[in-house]
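One chain, chain A, appears in both complexes that follow, with chain B as partner in the first and chain C in the second.
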Partner chain A sequence: MKKTFARKYLGIPYAIFLVLFVIAPLLVLFYYAFTNATGHFTVENLIGFFTDSNTIGTLLYSLALALVVTLVCLLIAYPIAYVLARSKFNSKSVVIMLFVMPMWINFTLRLTALKEILTAIEGNLAFHPFINTVIGMTYDFLPFMILPLYNTISKLDGSLLEAARDLGAGEIQVFLKVTLPLSMPGIVSGTAMVFLPAMTNYVVPDMLYNSTYIMGSLIGSYFSAYDWHNGSMIALVLLLIIVLFTLLTGSEEEEKRGGALL
Partner chain B sequence: MKRFLASALLITLVFGTLDIKSFASEDSESPSGEIVLKVCNWEEYIDEGDWDEDEVIDLESGDIFGENSLVEDFEDWYFETYGQKVKVQYSCFGTNEELYSMLTMGDEYDLVCPSDYMIMKLMSEGMAEPFSDDFFDESVEENYYINGVSPFIREVFEENEIGGEKWSKYAAGYMWGVTGIIYNPEMLSREEASTWKVFTNKNIYRRITIKDNVRDAMFAAIGAVKSDYLLSDEFRKRQDYSESLMDEMNDVSDETLLDVQNYLQLAKDNLYSFETDSGKADMITGKVAANYQWSGDAVYAMEQAEEDDFILEFAVPEESTNLWFDGWIMLKNGIKGDTAKKHAAESFINFLSMPENAVRNMYYIGYSSVISGGEDDDTVYDYIKWNYEADPEEEDTVEYPLGFYFSGDYEDEDYILTVSEQQTRRMLYAQYPPKEVIDRSAVMLYFDTDTNAKVNRMWINVRCFNAKRIPVWFYCLLGVLLGGGIFVVIRTKIKNRM
Partner chain C sequence: MSDRYIIELNSITKTYEDNGFTAVEDFNLKVKQGEFVTFLGPSGCGKTTTLRMIAGFELPSSGQILLDGQDIAQFPPNKRPINTVFQRYALFPHMNIYDNIAFGLKLKKMKPELIKKKVSHVLEMVDLEGFEKRKVSTLSGGQQQRIAIARALVNEPKILLLDEPLGALDLKMRKEMQLELKNMHAKLGITFIYVTHDQEEALTMSDKIVVMNNGRTQQIGTPEDIYNEPKNAFVADFIGQSNIFKGIMTGHLKARFAGGEFECMDDVPEGTLVDVVVRPEDVIITKPEDGIITGKVTSVIFKGIHYEIAVESGKYEMVIQSIKSAKVGDTIGMSLEPEGIHIMIAEDHTTRFEAEIGDDLNLVYSDRTIPCDVTKVFPGSRIKDGELFDASGEKIDTSEIKVLVSIQPGDIQLSDDVEAGLTSGKIINLIYKGDHYSYVVRTIHGHDLIVDDEYLWNMDDTVGLVMPEDKMTFSIKK
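Presenting the complex of A and B:
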């Protein structure tokens, strides 16, 4: 009896944090999203979101950007995570550290360096704003993709792979039929950690001189014009999209895990 | 019940702390009789002292050296002069909008230093506290501001009104400047840089930047779309040229906004970037050929580039230029009618307006101070001489009249400086432009709420990717891909069942 009480109390710091910094701001966001400048209830902001071709265009642009960034991250991260996890290195943790280490350097600093490198390669940053943004975001988010993939692949049950080989599967077949499906949870969580920030992180396009707004910068521009209402609505719709995305991938992940176990 | 108690506790905690805070801030005089003055200024916008020994400015009128920060010096000076202790709580803001948000959230300051349009906004919303009559008394020696302000700035503050009240009643100038184009003369001619149409100049394709804020970008775009009219003799010879120019540059009619939007969309495809702070660095490293810049930052960039023997120049477009200034304004919600505090706030402005302190600020910040020193004090003029006067041996020199800023008389012979010819295109030109530049300058007024929304909409139209720009074939492709994907998924599912 006593024990459960003590455990409950451990949650108090987080509960306070949750109320003050998650729930309260969300309520404020809701309030502003559904009111107009005079403080009256309105759904105009919501209608505005879906009828304004600028907002929809920005949403599509951000989605396309996030999609490309995620794919590039996945294509780079999967092979390296696979090689690392399957290798017989003793010092695997050192190698993985090498990939994570850049994360410890302040990211605006890293972007400034990247800017110089890209200028040296391309001659003028402004010629390829979209590609530059993709490179910048990939550079930033790659560790978030490698780590979950490495974790899932290295925890793979080796006996399953041996069983597949015993039953006559070639290396490629083993990979496609066993390793890949089993590493799906890693792919899903890596995707979630890259895709969502890529849609809203406006510092990267800003620093790499992409003049086209993504969702984050659009919200910012409403806020700097004191239009809290439309800005909040965009933030809210974005939040809903993210929740939907998480629900979808989450259920798929469970399905896959279940399938693999069977 | 427990849950209720917990939330009750939380609420008391939260409101308890708030209460203590508001109680503390209402108390302007601490128990020791010290006045607490809350000042909020731009970042790096006041001399913070701690100069190196070799940084001494040795003027004819005496040496000037920044040992301590001006804020500390003020506290000492106030105690020596008035025998009253004052403690300055100094804090900073990043943008005018940030300051405004802070104020609307309930932050209380006694003295703030926003830009022209934010001063107008604060005045029109009744948040500003007017100066006392004593502040304008020219017979008092300590009234350094009114005795030392440049006749040119004084005129601007006297002539402009908001809601029927003169700016000078509420605001005292601090730094001022114009906007223009800083450019690399090897890549762009002075003539090409002297028009707001420069942003669509294909000769510098992807090698020019503009400010990433709607007001500055809009001013440039209005100048560009109205260029022909503004440069026509018919317009320039008008009796009411100054007033008409101000009207034209502040035109926010729907047609003009549409033109501005179209121009900026064109410019966007020619720009290197919209920048907030990186423009100077990109200019100095030679990444761009031209950069929309405020005069003070342009001076800084030209000086930095010169250290690498890289010569940059500054041009003010022929159409018009945005005359801007930052100024001190007292706030009602901070002062709360406290006369002692008000005196301290006014004295702070006066202290910063002492000619040697104005020079310290100009040296540290790089912008032009509104202070010229008045009739008897030549410290500020000596500083400009110290900075820009040509060596006696130098050959290519010109006479540069500065009387307009110091005595109000453009022809005044006491204020003609002999400078090297290139200064007429460089730092001196940016810091104290010739009178014809001032003649074509216009102050940009603040936007009311409706205009603000309209202008922001225009800006979003410029910056966003419009869904209508996506060609139909893309939607078709998307449809085919989605359809194909669904088909494949269903087929595999059916197959698996069988």
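Presenting the complex of A and C:
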């Protein structure tokens, strides 16, 4: 063995992986997004994205869907996380496990089960495509909202809450003025964990017979029609939106010095 | 300070429901308007729990807390005109200094201009003018503590509670803040209730000290009282350095301890067993022939303003603080002025526990057998064919009888082997008493036993408690 074996060589496999599976595909994406069928440079795809009412409509629909899903997740997850984190309940970890456990069951299986339940309730899934999709995504993403919230709230310094009460705040005021602002890091990272997948996931609407395209299914439809160029452009725009969102929430999180994990 | 009692705690007891642990037992205290009262004791003595009950974070299991005559024992913290300075400051990290201090005032819906005035006034008082816009994280520990004090004081509480507020500061900062707090107290006239485990801090700052141990009040008094006239061995040991001896009163104002007979000031009946406290600075070094007792110097340590001299006198050890030095190995005489001797009537430390009579006519205590002759328990009785008969030949039914076993602290032996004795436990307290150590051992059954042993064990050591049966005395519990 060579004496000069340096630790940095351990990084080589990862560098290769990065180049092959992250950087190269991105470059290919860029290439297709800015070329036309004949292989010449063009910005038509970009202009097309913002002028095609169909694409813009899909983008807005996706945004609305993701927003509603995130909000519903937050409204359900916060009370659960709060109660779990503040209670002296001994087997908390078991309860948390119960919320997380669905993630261990196959995704398709879960959705199929959900579909059957919704069909039994609604009769025909086609009547409420938006609500069904929201239910499906909430079911799927809820653990990702609960965990960061639970982490943040359980790390809240109890003496801060006592201090607030000591200074004259009632239970509700303590919550609004101290607990809620201090759980912002958890809310932010939970939102990021739910909002981004909700924007792009197209399996849920697909399986729940939501025929309205969302961003993911739109890209899929272009690709299956062999239109690599427009499909790539949509993917690129979506990527930029996500990067922008991550930067925004990331900087906020850093400022709050949030301890939210995951 | 006026003569009016601002707060009265009447037989306050706190027992936790989930584990049955009693943190505070029968606590009684009256505090005058404007007094500086300190709760002093080792960690786990119940001082913080008592403070938290005054603040309202914990509710007493029984007893009254009268604030200006009104019982507030069951009020939530936000309904009490009392504010707390927390040990780790507990400043809100998501607010700036101004919002932190204004928190309580805003809740009271005070006018913004007035809040502004009050905040800048209180900031001036803690010497942090112009800090309104600063973030909490940019402040040092000492500054954060000042803000925490300001945040509590701005509400003009009737009582300010301080839970070891200086514990997290370095020594120099702590000394400074002690003085500042004392000045603030004098200037504002607000009643302060202060919690600390630092006896020096308590002696420096307080008008009145409450010494606590194991959830019970040991002594309440002025710093001078507590230091000069400790009520029991625990207080003497906890406050300042002391030599503690077991002794006996040998005559009117005469006590024998540490191998000598001394005149004292405390009028205790002859023959009474006593604990004697001698402060190291009260021991007078004399020529060997002039001393009441003599001893050999075993160590001398220079402490700046005095020497700390350890002397071995027979089986006793005496620590002396003196401006005169001595040489290791020298024989010196020691005498005491009557004022330097503090006599405390010794507490009865007999251990008593109940045992049952087992099938094989042995005594049984929590599934361990005491190999003793049951006939000792019943005078004149005898055993025949595995049955017990009393003096008149009647058979005794042993199944219902409980036997009370008593043993003196000095007769219990401590052992490394937890299986060795009748039971085992953990050492939770130790006091050196001149020629032996007095331990408090909390047994696995939750009883606290006093054990005297000449060997040094450490706090939290788990020990077996060996009780020789020939040292036990028995009586039948009716």
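Basically, the second predicted complex is superposed on the first by the 239 of 262 C-alpha atoms of A that agree within 3 Å, B and C clash if a C-alpha of one lies under 4 Å from a C-alpha of the other, contacts with A are read in each partner's own complex, and residues count from 1 in each chain.
Following the convention adopted for this analysis, contacts are C-beta pairs under 8 Å (C-beta built on N, C-alpha and C of every residue); 3 or more make two chains touch, one makes a residue touch a chain.
Predicted model, so just to flag it, every value in this text is computed and none were measured.
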First (chain B), second (chain C), both or neither touched by A:168: second
First, second, both or neither for A:46, with chain B first and chain C second: neither
First, second, both or neither for A:196, with chain B first and chain C second: neither
Partner chain in contact with A:225 - chain B first, chain C second, else both or neither: first
Partner chain in contact with A:80 - chain B first, chain C second, else both or neither: neither
Dominant contact partner of chain A by residue count, chain C or chain B: B
Which superposed partner A:19 touches (first chain B, second chain C, both, neither): first
Partner chain in contact with A:178 - chain B first, chain C second, else both or neither: second
Overlapping contact positions on chain A, where the chain C interface meets the chain B interface: none
Touch list for chain B against partner chain A, complex: 10, 95, 97, 100-101, 206-207, 214, 268, 271-275, 278, 287, 449, 452-453, 455-456, 459-461, 463-470
Residue ranges of chain A in contact with chain C within the complex: 157, 159-160, 162-170, 173, 177-178, 181-182, 184, 256
Chain B partner contacts - residues on chain A that touch it in the complex: 16, 19, 37, 53-58, 60-61, 119, 124-127, 207, 209, 211-213, 217-218, 221-222, 224-227
Of all residues in chain C, those that touch chain A in their complex: 55-57, 76-78, 82-84, 86-88, 90-94, 103-104, 107-108, 151-152, 155
